[in-house]
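Multiple structures are listed underneath, in structure tokens.
Two complexes follow with chain A in common, the first pairing it with chain B and the second with chain C.
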Partner chain A sequence: MNALLFNVTLGIYFLATVTYLAYLVKPRDSLGRTSHWLISIGFLVHCAFTVDRYVEAGHTPITNLHEALSFFGLALVGTFIAFERRYKVFIIGSFVTPLAFVLMVVSSLFPSAITPLNPTLMSKWLAVHTTLAFLGYASFALAFGAGIMYLIQEHFLKSRKLGAMYQKLPSLEMLDEINYRCLTFGFPLLTFAIISGAIWAETAWGTYWSWDPKETWSLITWFVYAALLHGRLTTGWRGKRAAILAIIGFCILLFTFLGVNLLMPGLHSYK
Partner chain B sequence: MTTDNRGVVQSVWDFFCSLKLSIFLLIGLAVTSIIGTIIPQGPPAPEYLQTISQAKFKIYAALGFFDMYHSWWFLLLLYLLTINLIACSIKRLPRVWKIISEPTLVMDEGFEKSLSLTHEVKVGGEPAALKDRAAAFLRKEFAEPRLTEVDGEYHFFAEKNPYCRLGVYVVHLSIIIIFIGAIIGSLAGYKGYAAIPEGGSVSTIESRSGKQIDLGFAVKCEKFSVSFYDTGAPKEFRSILTVLENGKPVPGYENVKVIVNQPLTYKGITFYQSSYGPTGEGGVFHFTVRERKGGAPVPLTVRQGERASLPGGGTIQVLEATQEVRSVLPQFSGPAARIEVTPPGGSPQPFVVFRDYPKFDEERGGNLIFTYEGADEKYYTGLQVAKDPGVWVVWLGCALMVVGILLAFFLSHKRIWVRVARGRVTMGGTASKNQAGFQLAFDELVDKLKSI
Partner chain C sequence: MNIIVVGLSHKTAAVEIREKVAFAPTQMEKPLRALVELPDITEAVIVSTCNRVELYATTNDIAGGMARLKRFLADYHGLSLETLEQHLYAHHGEAAIRHVFRVASSLDSMVVGEPQILGQIKTAYGYAAEFKSSGIILNRFLHKAFSVAKRVRTETRIASSAVSVAFAAVELAKKIFGDLSDKTVMLIGAGEMCELAAKHFLNSGVRGVMVTNRTFERAVKLAEEFDGKAVNFEELFEHLHKADIILSSTGAPHFIIGPKDVEEVIRRRRNKPMFFIDIAVPRDIDPKVNDVANVYLYTVDDLNGIVQSNLEQRSKEAEKAEAIVDQEIGQFFKWLSSLEVTPTIVALRSKFDEIRRAELEKTLAGWKDLSPDGQKRLEALTNAMMNKLLHPPTTLLKKAGQGGRTGLYVDALRQLFDLQTEAPAEEDLGELEE
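Right after this comes the complex of A and B.
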């Protein structure tokens, strides 16, 4: 049942990726509507998969790489749908669905067996801490997507090749606005994730902060996004520079999420 | 003060007030923090020292890289950031406070031009009569208005969430409070470790810096147990602790269960389950033994390090035992013991017996068939001991930070002005955040204003 739900999600995300990319090349309304339906259904199936696994495992399914990547995909698609409804920037889907599909493919490469919970993770904070963190990651991923689109769009404008893609991409102002909006969600979520992690660390290890690699790297990410937010207050850090910084920020975040767990010893490594 | 001096003070002040400094410090902290995640922190292990050259070691040690988050230059960056955010707040807070406490109540022509959202509606009737309708409109659709009368024109001002402008400063304050909490913790607190054997107690612990610290009371470990998953991975470490004052149990602190994520706190000192191990003494092992030719199984108790006699002569001795054998013999699971049986007049025979495979020993072909029943092995519990009087200050800071961030990111200070003059009503508005969203709300208000 669990594997079936996972594979159905994977399949739907694949179809959505195809239709969203096709939409980018040939912007027909019917393609757009189909894509939107596909990703929404995919999200529901993905939710069902996650709930089913939660019930089976008895804890938030996020404790090995298979689960964590899938959870990231779920948070990403969910955040995208919320943003899409709010800002009507449908085209971001052409960026988000391929990413969600890749996350699911990579997730499927890792062993899917349910791993028993190590004593440290047996805490109500597991659900709170990880959900906050992954929703934050998802917002930053959208900011990253908006940043990439900004650079593409700017390239079109500069080279004066205004093709179909140029017409479909939102205006530079809109992309900058989306970038900023994503940061204003991602940054609070990241902050709350760090605070909830500190509370958990205090009850589990007796210290709210121990400069563990994961803690340090999330603080590094926090510093970078804090710098970006303050940079926007001075007019110079909008537009292209903000787009580039959102991209750099997300690369650091990816390292915090995956690099630290895979490369550095510590309390967050997936075993 | 001479003008020169004032010039110096002014430029130092400007330096600390600058947002460029904030960004530089944030990026600086981000980049330098990476060092501590690459170079192992704490006294360097010999294995690590072999991988770096002597010269490198000297440079690292001189720069404090082995304890870089407490090195003078890292702390300096943190102090500079603190000064920077205090200075920035002092510089900008009075202006923001003025916007909140002394709002612009009258929208004159000049102010109207500075607003990005304005709209004028032609309405017939006397201003005095329109006034009441405009007030009712604002009260119903937006917020309670304040009326000012200037030269026969009526000016209304209404606002929502003015205090959210303080959110940023609440966040800045919260960071300072967290730093204060951390400093209190490092000055007045300690972290240490205690190993208590089952049945034993401790009243002093060793801090991480190697100092002996008197707790002022004693902690007794009544019992320790560990349970495992089927895979052999540990599931729960559980200590039963009792706090003793003058040798007597403290009511309410008797037989307290302490597991990971569920520590025990007494008099500001907290005990966290962190490790365990066999004490290597006093363990008691249980077996049953029966003769191959038949007869009832006989229970047998063997103490650690001692020989016990077997029915019909001979002795048994436990060489080693484990609660979970999987890590040694992957094809088996559950408790197991390696024992040595010496038959009367024979040579010692070592072999392994299992609790969960009672038939296993039949295969061995000996006269006596052994089954392992488990051990009352004596363990010690390893407890992380921490006293941190600053932790509540840190939590206060965290709570403030959450409030500040909610104010700063999710609320917007929205202001609406309405001017009622003869024949026309003019409305202007502005929001501190999300202008695009506010414009939609403003346009709706304009639509409703047309029908007042």
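Right after this comes the complex of A and C.
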């Protein structure tokens, strides 16, 4: 049942990726709407998968890479749908849906068996800490997508190459605003994720901060986004620079999420 | 029944001629009624716009009908037919259908893809419907033309790009700023193109306009016209940071705005983007300005290039549109032909059957000792003969109907066999596939 739900989600995300990429080539509104419905249905199935797994495992399904990647995908798609409804720009999906699909594919490569949780970690903080962290990741992933779109559109406008893709991409100002909104949404989430993690660490291990690689890199990520937010608010970093920083920030974040776990053993390693 | 079109357009007649044959929209009743009272003309629609005047009608006599329409156009406006005739075109059959589909789809317009023509034809049809000058055929025909135009609009990008410099500038601004309602335009210098672009920006909802000129009085005058604010030319750089979109067309022989100035201004704006449009020749703005972050500089040549490529794209899209028109013509023509073919076949069959029955009755009345079985055989024999005889002409007619060359056969059959066909009632007509 659980595997079936996962595969259905994977299948629908694949279809949505195809239609969103087709939308990039052919700007039919009907194609955009179809894609939007597909990804929404995929999201619901994905929710069902996650809930089903939660019930089976007895804790938030985020304790191995299979679950964590899937959870990231869920957070990303959910955040994306909210933004798409708000800004009515289907084309963001052409950049975000493939990312969600790839997350699911990578997730499917890892063993899906439920890993028993270390009893010291069994706590309501698991759900709080990880949900906050992954919603924050999802916002930054959207900012990353908007950043890439900004760089492409800005290149078209500067070089005066106004092709079919230029026509379809939204205005620079809107992309910059999406970037900013994602940042103001994601930064507090990341902040609270780190704080809740520290509290949880204190209850589980008796210390707030142990300079575990994940903690260190999370802090680095936090500083990058803090710098970007600060630059935006005080000295007017916007446009191209903000887009580039959002992209760099997300690369560091991906390293924090995956690289640290795979390369540096520590308390946060997925088993 | 045949559809015929007679008219003139910007392609065949100069405005001096077109204005003489135009019909006033407030007085459409009289000409429409006069048209349908003409002999041979059964239905009529008048399309009159500033670029074309066209009469659409149905007739039984193609040559006579077209001659009457031409005569009507000349007489109604008090012109001599000799002078008018050289500007007129006349189409019938497939060519007439193609012409109207193309006009409605804006493929025959001065600016291909302009959207007004469809509305104008709808209005023209509205008058014809109001004064009952259009009937079954033209109703169907024009509704078909509207649906073809709609298909062209949704399936091709014929009307989706700017084809004037001013519009191209507005579209670029929208791609940079999104919403223009909180943006300010600054005009540096004056010039026809500059003012036209400013008007387009105002129509697109920009918040305000600033005007500066070496002659302050001219700036004040222009600012009044746009309900904007005049700025002293010497204080240009104190105000430049308040402008998002800058239209420049001074007569200065050298650059008046350089990258250093713009860097300074952008800093004051805290990196909010700026869009410079340099319309002046020689140029007012150093091309290096485009290298400053968050600044976009377009010259009049860039804008012309955009317009040119949009026009090229339109002509590419127009080819797709022509293919759509081709498809739809086939469909409509099939329907139109079936209007004549079906009643002719029905009449032919009933004529034959009538003769068969009459002769059979006569024979049976004088043949008393024929067995009931023999009667049946006789009945079957005559029936089979009739069907065999009618089979080839029936298939030929149906096939001709699909190819659209029915007139000749239908006329020949009617005369050869002295057939009387009635015009079909609307509910008997086959459904026209949309």
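Definition applied: the second predicted complex is superposed on the first by the 268 of 271 C-alpha atoms of A that agree within 3 Å, B and C clash if a C-alpha of one lies under 4 Å from a C-alpha of the other, contacts with A are read in each partner's own complex, and residues count from 1 in each chain.
As a convention for this text, a contact is a pair of C-beta atoms (placed from the backbone, for glycine too) under 8 Å apart; a residue touches a chain by one contact, two chains touch by 3 or more.
Only a predicted model underlies this, so the values are computations on that prediction, with no experimental measurement involved.
When both complexes are superposed on chain A, chain B and chain C fit side by side without a clash. When the two complexes are overlaid on their common chain A, residue A:Thr216 makes contact with chain B while staying clear of chain C. Once the two complexes are overlaid on the shared chain, A:Lys240 sits against chain C while remaining clear of chain B. With both structures placed on the common chain, the touch criterion links A:Leu172 to chain C but leaves chain B unconnected. Comparing chain B with chain C, the partner in contact with more residues of chain A is B. By the touch criterion defined above, A:Ser123 lies against chain B but remains apart from chain C after alignment on the C-alpha atoms of chain A. Following the chain A superposition, chain B and chain C show a smallest Cα-Cα distance of 7 angstrom. On chain A, the patch touched by chain B and the patch touched by chain C do not overlap at any residue.
Of all the residues in chain C, the ones that touch chain A in their complex are 160-161, 172, 174-179, 269-273, 290, 293-294, 296, 298, 302, 305-306, 309.
Residue ranges on chain B touching chain A, taken from their complex, read 19-20, 22-23, 26-27, 29-30, 33-34, 36-37, 41, 69, 182, 191, 229-231, 233-237, 259-263, 270, 272-274, 384-386, 388, 391, 394-395, 398, 401-402, 405-406, 409-410, 436.
Within the complex, the chain A residues that touch chain B are 116-120, 122-123, 177, 184-185, 187-188, 191-192, 195, 198-200, 202-209, 211, 213, 216-217, 219-220, 223-224, 226-227, 230-231, 233-234, 252, 260, 264.
Looking at the complex, you find that chain A touches chain C at residues 153, 157-158, 160, 162, 166-167, 170-174, 235-241.
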